[in-house]
Structure formats: C-alpha cells, structure tokens
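What follows is a pair of complexes built around subunit A, which joins subunit B in one and subunit C in the other.
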Partner chain A sequence: MAPKKVLLKVIILGDSGVGKTSLMNRYVNQKFSNQYKATIGADFLTKEIQVDERLVTMQIWDTAGQERFQSLGVAFYRGADSCVLVFDVNVAKTFENLDSWREEFLLQAGPRDPEAFPFVVLGNKVDLDARIVSQKRALSWCQSKNNIPFFETSAKDNINIEQAFEVIARNALAQERVEDIYLPDTVDLSDQKDKQSAQNCAAC
Partner chain B sequence: MAAEADWLAGSHVFVLSNAGKPVFSTAGGEADLSSLSALIGALISFARGPSGADELQSVEGGGRRVVFVVREPLYLVAVTDAREPAARAARCLHYVHLSIVRILTGSIEKVLARDATYDLRALLGGTDRALRGMVEHARSRPDVMLDAVPCVPLPSATRAEFGRLLLLVQSECAVLFAVLCAHGMLVSAASPRRRPLSAPDLILLLSMLRTSPSLRASADESWVPVCLPGFAPSAFLHAHVSTLDGASDLTLLLLTHSADGFEHLKAARLALGQRLSGPTLHALRAAVAPDAREVDASSLGIRTLRHFLFLDRAASAHVCARFPRSTPGLATGSGGADADADTDTDTDTDARDEASSLLDGYAVLRGELHGSTASLSVLFVADGRRALLGQSGREHELYTAHDPLCSKAEAGAAAQQLLRWLQRERGMLLLEKQLAWPG
Partner chain C sequence: MALARPGRTPDRSESRAAMDDEYDVIVLGTGMKDTLLSGLMSVAGKKVLHMDRNSYYGGESASLNLNQMFEKYGNGEKPPAELGSSRDYNIDLIPKFMMASGKLVRMLLYSKTTHYLEFKQIDGSFVYNKGKVHKVPVTETEALASGLMGLWEKRRFRNFLIYVQEYDAANASTHKGRDLSRLSSADLIKDFGLQQETVDFIGHAIALNHNDEYLTKPAAELVKRCQLYSLSLAQYGKSPYIYPLYGLGELPQAFSRLSAVHGGVYMLNKKVDKIEYDESGRVCGVTSEGETAKCKMVIGDPSYFLADGKVKQVGQVIRMVCIMSHPVPNTNNSDSCQIIIPQSQVGRQNDIYITCLGASNSVAPAGKYIVIVSSTVETAEPVKELSPALKLLGKPDKIFALLNNVYVPANDFAKDGCFITSSFDASSHFESSVNDVLAVYEQIMSTLPPEERKLIDLDHLPAQE
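Showing the complex of A and B:
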C-alpha cells in the first residue's frame, strides 16, 4: 500500500546571505551564480534521488534568511522531515545564530521527539580564504546538540553537497514511523442523538 | 517552474496536507507536484495572516482560475478555466474532501495532528479512481452543486413496494441504513426515524458504487468500511453491498455500525431478495431503460423548453432532464456572433460539453439567486446560445433552458407549466421521503 516514492520535506534555515539558495540550486540544478538575490518568502525545488532501494523525492523549502520574511511561521516548518542549518564559515555571526535558528525551528515545527529530530549543519563558502569559524568549533557545537552531522561545503565548487543531502535523506528516512497511527473510532450509538436505534439494537 | 506552468494549463484538482505535502492529484503523479504543493501550502497560510481569520478563496489570471478550499489539515485546490463559476469548483472540492473522509474517516485530522510529517498517500493508496470519479461527477452532473440525489422515476405503486421490502429488513435490527439504487440513482432508502441519510452521505454512497468496480463485479456480495461524514464523521460504518438484479442494476446497500454484523446483513439481504417479485422488477427494468430513466424535456410538449433542472428541497432530490446532444444556437452564419467555431462531431463529447455548459449556466443563476441581497426569486438571462430562467422558492428551485430568442414572459410561462407537471408527478419522479424504521 505504501507509495513507492517517499516524500521528504526538507527545510533550509540560516542567516541571510550564507548561501541557502545557492546550495539548493547547486544540488538540484547543478548551477551556481555569484550574484546575490535575496529570497523573498521562500523557494521550493524538488529532487529525486535513490537511497538504497528506495526512491525519494526531496521537497526542499529554501527560506528567506532576512527577518522581514519570517512571517510564514508554522506553515513553513510544519511537517518537516529534516532541517538543514546553514552558516557561512567566514562570518562568525552566522554561526552564532545557529542556536536561535534551531530553537525557532523546534518551537514552530513542534516535532514529536525534538531531541531526535534530524538536523544537519552545513558550514558553507569554504572556497573563500577568509575562514573565521574553525571546523573544531563547529563540530563541538554539533556534538553538544545530540551529534548533529556536520559538513563543510561550497556551493560554488560543489564540495560535499551530494554527500550532505544524502545524509539528510538517510537520517530523515530513519525517522519513519514504525507504528501505524491511523485508528478511526468505532461508532458508539449511545453518542448519537438518536437513542432510539441504539435501544432497538440492544433489544436483539 | 516550467512543470508548474503545465499544471495551470489544464483542468485539475489536487489535494495537499497543511505541511505542503502532496496527497492527491487528478492528473496522477502527486510527487511531480511537490514544488507546487509547497508553494500553495505557503500561499494559503500566508494569506491567512496572523489572526488566522482570512482564507484564500481564489486567484484569477490569464484566463485561468485557481480555487482553494481549506479543510484542515487538508488544502484542496482546483485549477479551471476562469469562465467556469468558482462556486462550482469549490463545491467539487468540498465533495473531494468528503470522499477522502468517506474513505479514511475524519481521523486523518488526528493522524496529522500527532504527526504532521505523515504521508497520507500511504492511506489513500488505490483510491485515485474514487476521487477522480467524484471530480468527474461534479463536473457532469448536478448532484454536487445542489446537494441532492437523482431518483429512478418509478410508478408510485412500484416505489411503495420497494419501500415495503426495505422495511422488512428492520427485523434484522443491526441495520442502521438501507439503500436501494440502480444506475447511480436512488430507488428507495430507509433510516432511523430522526436520522435520515443526508444528501451528501447518499451522494457519497452512490459515488462509492460508481467508482468501485470491485463492488459491482463481485456477483455475490461485498463488505466494505465506509464513513458517512453527515452521520458520524470520525467513525466507520460497515456496508454490505449486493446486486439484487443485474438486468436493472438494482443494488442493495445495508449499513451497520457493528463490525461483526456481516451475517445479520447477509441474512437480511437474502430475505429481501426472496420477496422481490417479478412484476416489481419488471417495472424497475422498464424505468431504468436508457430512454426512460431521464425525462426528455422536449417530450413534455412545453413550448421553447429545451432542458430543466429541478431541486426538491424537502426530498433533497433533483430531477435533471436528459442533456440535449447539441444546441442549435443562433444562426452561426450571421456576422460572428458566436465563439463556438469548433463543431465537434463526437456526439458524446457534444453532450458532455452541453451538460457542463448548461450546469455552469444554472450555477451562475443559482449563485445570483442565493447570493443577492435583494432576495431575488426569479432570474432570466439570454445569450446567443440559449435563454436561461432560474427561480428559487421555499420548496424548490427550478432552472430551465429555452430557445435563445425566447422572451422572459414566454420562458416564465413555460417554467410555470413545467412546475405544475413536476408537482403533479412528484411521487413518480423522486423519493419523497426516506422510510423510517418502525418502533
């Protein structure tokens, strides 16, 4: 009965200008542009991949990092299967803000098990020679948050992107519920306005 | 974004979860809709604003219209030609939602509340046909637009006989509802005294029969869970479905709340089948013959009348005349009055287009009659193709189509004549009242 293709909703969060849209475009379209265009609201792209035997459709929600577009709120985060936190290794502030992005996400999305929710952290723009945030520092933050996987990436040079998204898909798939939570009620006729028929039936 | 432009080109219905995940699409391949679903999800919740009070209803542009209906936790979307009334698309979406509830019960709400990432496609697997069938039905028939069912026209004595047969079932008191139908039209129905089956629930049951070939193909009987949103939206009832007479397509549905009621219902069906008499079946077979099951408006001898649609409020039933194959509009030779240049030779397509176009016309009249603040009771519109008259009263609504050059007075007179006929033949044309179980 289960659809052959699994759909995963993946949300990309992070400060404005860290390269969220570039990462998505590189991953989905194999393209990179040096020009910066702020995302207005959100962009949506999908990519189909195969993870082991399973066909997966990644529905990627690329969000606007600028605060004035943060009004999409709950609708945006609801039902996410994975969340990608992005910072720019060359800008300390973007790394320091990961905490608040993570908390904002957990607050708005309200996943059933926040501790086990599959995040992935990407330190982007490693192609530039102005690194401020060391790998060690980033790794230690990730470890402190329940061992979030960490990748250093470059959308420009296409470094580590396929690998990162594969881990994103795998970890999200691992979250799949085992138990079936679909359980309709049974009709309790005593609840119905018409008590008559219930009595009739009790008589037989 | 190229793929999304394609989606806007045709006529589609799709459903997504409030997380922006695709659930269903009439064009199939929901996964291809992933980006568009996400966009629509964001659009709807953005339009809703912080107060949550605003609802996005429709967006129009480039001759296309996108209609939204929100039934948390689902968003339903229809893409149509902008010339089609938005109200019809919204009614269709409403019934697509009811169909999903019919299949899964309203507990989908609980499922998504507990786990917003849940992929409903897993639960809806194999039901494409049912949902697509409802969309098609909403387009081609007036049931969904009017919240009313069609009935097999039957001599009063025959209808009464079917009623008597149904009431025999009550000795098997596990039966909650009993419905007899043929060719997607109601023959008779019995229900608890104060809980008659609502028209939407009946429409859903008829739709289930129409779109589940397995229910019809099994010569003997079927046992299926079904949720009737009008009766108990969060629970399943169990339906025993059997064909009583193949020649007339007479089908019996017995509904019970008891999951182990199968044997009871089977016994009830057997008892009923045994008492079905030859003359009664004969009358039914005659009534459902292709040229008998719908009224031919032109056979009534009413001047200018081409087609009509009658809603009987008390019975929640409608009488829809047979759709004409094609409409000879005003002479097409005269200086390009009509845009209908493409003459289709396929008469089936012709009748379908004509049906759809007439229903659109009626829907516009209905919208005006119901929506106007001036509480209109009669409305007349005419174009090169036809003249339409709509009237809405306490007990009925009547929509009639006339020759294009017909005046309002002529149309009014014809409608009055038709109304008298409908009222005289009401017992034959429709099931006036569902039977109530004794006791």
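Showing the complex of A and C:
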C-alpha cells in the first residue's frame, strides 16, 4: 500500500513582532526581509516534506495580525496538530507572555490530551546582539511544561529553522490518533454543477 | 548594535497607537454581514478597523458554546453536567442553512474563503402537512411514492416543474407565451390547475418563501427560487442545503480572517462608546474607552446605531433553541434536517422552521442534537406561537427562548456616511442576507469616486487554486 498522505495544521503563536511571519517565510519560501511590517497578506503557507516513509503536507497558519489585540477567533485554533510558540530572545516580555499564549491555545483548541500536545518553542532573533532571555531560562520553562522541545532560531540567518520544523512535523505525526483519521464526508464547493449538467441528472 | 527592533508586546500603548490612526472604514460588529463587508473593503484596498463589543466573533450570528449560551440566555442557571462538555457545542443564534448553489456559496468562492471552511450536506428536508411530517421528495420515485398529493395532482405538479426547469429568461421559446415579469405567481400556478396544498408546497417547501406575499408578485422570482432549489438539490443529492462544520459562526471568522490578511485591524472585546459626527452630521470617528479613531465611513449592524436613532424596528423573530438527546421524530433519524411548517397548515401568516443539527456537524457532543424552532412573531405571546412545532420534537433536555428585534436602517447614508446592515430575517437560508450585503456594498461604492469603485461579479468567479 502506498504511504498515506498526511496533512498537518501547524499554527504559530507569540507576541507581535517576534518574527512569526519571517520564520514561516524562511522555512517555506527561503526568503527573509529585514523590513518589519505588522503582518499583512500572510495567510497560510504549505510545504511538502518527507518524514521517514511518509509524505507530509505542512500547512502553517499565520495569525494574520489578529493576535495584536487578542482577537484570534476559535476557528484559527481549531484542529491544530502542532503549535509553535515564538518569542524574541532580546525582549523579555515576549518570553514572559509564552505562558499565556500556551494557556490560550489549550483553552481555545481544547486538545483531548493537553499534557501530551506537541508544542515547540522557538527563541528567535539570536542574530541580534541584545540578548536578554538566556538559554537556561528558556530551557527551564520548557522543561516545566512537559519538556517542550526548544530551538534558538534566526529567520534572518537561517539558523535552526529546518531542524525545528522537522521536529514539529515528527512530534505532530507521533500524536496522530484514530479519531484524527476519521474524516467527515465534506463537500467540495469549487466543483459546482451548472444548470445544464444539473438538469441532465435531475430526477424530474 | 543599534538595529531598530520593533518591541511590540500587546499593551495599552499599542492599542492607543492603533486607535490614534485614521481609517477609511471602521466596522462595528462582527456578524456575518459586517465581516463580509469588512473583507470586501480590505480586499478593495481600504484601511479597515474592525471592533466588536463581544469577546467572540459573530455578533447576532455567532455560534456559542454551552457556557456562553447559559451565560447569555440561562437566567442565572449553570449548565448541568449531563449535557456534556461546553466546548463540544456550537449553537447558532440565527438558524440558517446555505443553498448549495446559492449566492453565499458564490460569495465564498469569489472571496476565496472556502479554504478556511468545511461543509457537509444536510441530510433531509421535510414538510408538515395535515398533522404529519413528510419528506420533501427529491427523486421521481420518491415523488410518486409520496403521500403528499394524489396521482392526478402529481402529474400537474410534474408539468409545473418541467416548465420551471426549462424556463430561461433569455430564451422566449421557453416562456410558452407567458410574461413572468407581469404574470403574478398566483396566476402562473393557476395555469397549471394546481390544488391549494400543492401551491403551498411549491411556494413554501421549494421556493422557500416564509409567508404568502410572493403570490401577488411577478412569477419570475418564484421560478428563480424554484430553479435555485433544484440546482442546489442536484449538487449533492440529499437536500438542497449545506452547512459549515462547527456552526455558522465559522463564516464571520473566515470573513474576518480575509479582512485581516488584507490588513484589517481587529479588536474584540472593545466597548463602542460613541460614534462621532462632524457639524454637518457626517460620521468622522468612533470613540472607545476615551480614545477616538478617525474614519471616513462606518459600517455596522443595527445594534451599534440604536442610540443614534439611525435604525427602525420592523418586527420580531422568536427562536427556541432546544438541546435534545434524540433526533426529531419522524425524520428517518436524520442527523441533520429541516422541517417547514407552512403558515396555512397552522393558521398563521408566517412559516415556522425547525432545523436539526448534531455531532456529525460538529455542533454538539455525540448523542446530542441542537434543534432550533423559529418564526416571525405575530402575537404578544411568541413562545406559544411555536407550540405546533414544539409538539413535534419529543421532550428536549433544555430549551432557551431568544426573542430578537428586527431592525432596518432608517438613515441617509449619502449624508451621514453610515452603512448599516439589516438584522437577520426569519428566512431559512442566506439568500436575502447576501442580497443585503451586496446592496450595502453598492451603496458604499456609489459614494466613492469612480476610480475607486470596484464591482463584484458573482456570475464570473475567479479561478480557485
């Protein structure tokens, strides 16, 4: 049997300006722009990767800027297979806020087993020389939350990005349970029948 | 290193900066109509600020979990444990289905918001006749076996359907000598010699009119509505309706995301204290918590314009939300369905609708059903008006009664720059809602300089990737 194709929904959370969009762009498009603008035009990006025998489509969802005033709706969180928590190692507040982002995720997404849900923490912007949050401090927080994997990254210098996303994919795959495989028989709206073809198959 | 670093953590100062800004449009309320307009304006390149007094998306068209439902409508009660987990519930405040080939589907395709949403078809459509619930026949076999009409009447009904099916406004040979822009619906139906009950069936269960006003109006609209029904039915087969997984509240969230992706700024849980007008009476800003954001126009639902006297009440809709541990009796155990009770069957002027949804639509835990009974209010005792429908349900676990005022705009948008959507009507689907959105959108465009006007063409949709 051919290996099953898997779609993983990955959401990226964290304070505004920590580099969520840049990380996503670096990983999927191999691009980086130093020019900051609050996220506009970023929706979600997809990337196909091979994890062992399996072909995996990663669908990485950006906040579209709706995190700025705590206005992410429950639909954004729904069905997430993994959650990437991002902070800026140079801004203490962005690290301190990880707690509330994690809480918010667990509340909104409501995973069946919150303790085992695959989070990954990224300490971004290590390329800058103004580091405030030490590796030790970040690691100890991650350990206190059931050993969340931690990566120090730079979207600008492409540090640790591939490695981090591979762990994101692997841990999300390992979480797959029977109930996730159940797919309701949804319909495809883009495949609309027109009046003529509908008439040909209409009963009366 | 002196690299400028954006130190943005969400705090008061950032909110102040966002409120200090000047916007093309401020949108008030995140209902389905207002978020769709917000999305369309952002896509058209307008700078949009969107606020909602609630901490959740959707306004009057939200889907609430069980805790939110009890908080809002439970009269101080707490949700009992036997109803299960709060978060497994997504209870629509406005019960509606989507016509599978209707304008809302076209709007979703047009705005490319379909990839935020998943839909399922509704399992069945039923109609109440002489005290009994009948399946609305969808195949010829079902039509022949149906107890809804006698044999001869079935033939006349079939002739009517063939005429409707073949009718094409642009092709005179299909008109068979009738001018449907002049001929009334009543006269068209009379031409086919149909009995009163069949007329009710066509007008209410197929054309989905919720009262009898259509009879005196030109038959072209009736034919269009019948065609929409059969085209929608032909899409997926079991019923003409589809419905988003997790409830209708997903629609405003999808439209909000569309707006945000195009630069719209979102603030939930934001109290709107005052809409500001200049000396000529034109809107110029919105004040919240002591800060005023400037704008050129405001779009919003009626609840934000009550204080300014810019809306008027035209009626009320009563909606009874029932949580049940069984599907609606006599619907072949359908997981999801609609039952229409035509007004003439129960001595009313307006139809009563029953919608049933369950775990298969991701709006309730396994084994629970959300059944909503609704109609336009006709008397001083609205709950009593729905009793013919409630009798069909068996015993619910919990009932909430929601009485909503229906408002329409009563302002002059050309003078004050306020574009107000109407409250949701009692109809069973979204066709009139999308028409309202398109009408408001056109009003907005009519006030812009010609080079900024952007038209929406739902007949020619962009390719989907």
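Definition applied: the second predicted complex is superposed on the first by the 162 of 204 C-alpha atoms of A that agree within 3 Å, B and C clash if a C-alpha of one lies under 4 Å from a C-alpha of the other, contacts with A are read in each partner's own complex, and residues count from 1 in each chain.
Going forward, contacts are C-beta pairs under 8 Å (C-beta built on N, C-alpha and C of every residue); 3 or more make two chains touch, one makes a residue touch a chain.
This is a predicted model, so every value here is computed, not measured.
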item: Touching partner for A:V6 - first (subunit B), second (subunit C), both, neither; value: first
item: Subunit B versus subunit C as contact partner of A:T46, first or second or both or neither; value: first
item: Contacts of A:A80 with subunit B and subunit C, given as first, second, both or neither; value: first
item: Touched partner set for A:N97, first subunit B, second subunit C, both or neither; value: second
item: Contacts of A:I132 with subunit B and subunit C, given as first, second, both or neither; value: neither
item: Which of subunit B and subunit C A:G17 touches, first, second, both or neither; value: second
item: Subunit B versus subunit C as contact partner of A:R112, first or second or both or neither; value: first
item: Doubly contacted subunit A residues - partners subunit C and subunit B; value: 41-42, 71, 73-76, 78, 184-187, 189, 192-193, 201, 203-204
item: Subunit A-facing residues of subunit C, complex; value: 1, 3, 5-10, 14-15, 18, 56-57, 87, 100-101, 105, 108-109, 114, 116, 118-121, 138-141, 143, 158, 161-162, 165, 227, 230-231, 233-236, 242, 245-246, 249-250, 253-254, 256-257, 260-263, 265-270, 360, 362, 464
item: Residues on subunit B engaged by subunit A in the complex (per definition of touch); value: 17-22, 31, 34-39, 41-42, 44-46, 50, 104-105, 107-108, 111-112, 114-119, 121-123, 125-126, 173-174, 176, 192-195, 227, 232, 234-237, 257-259, 437, 439
item: Partner subunit C, residues of subunit A touching it in the complex; value: 15-17, 36, 38, 40-43, 64-71, 73-76, 78, 88, 90-91, 93-94, 97, 110, 125, 128-130, 184-187, 189-190, 192-193, 195, 198-199, 201-204
item: Residue ranges of subunit A touching subunit B (in the complex, touch as defined); value: 1-3, 5-7, 9, 41-42, 44-46, 48, 57, 59, 61, 71-76, 78-81, 109, 112, 175, 177, 181-189, 192-194, 196-197, 200-201, 203-204
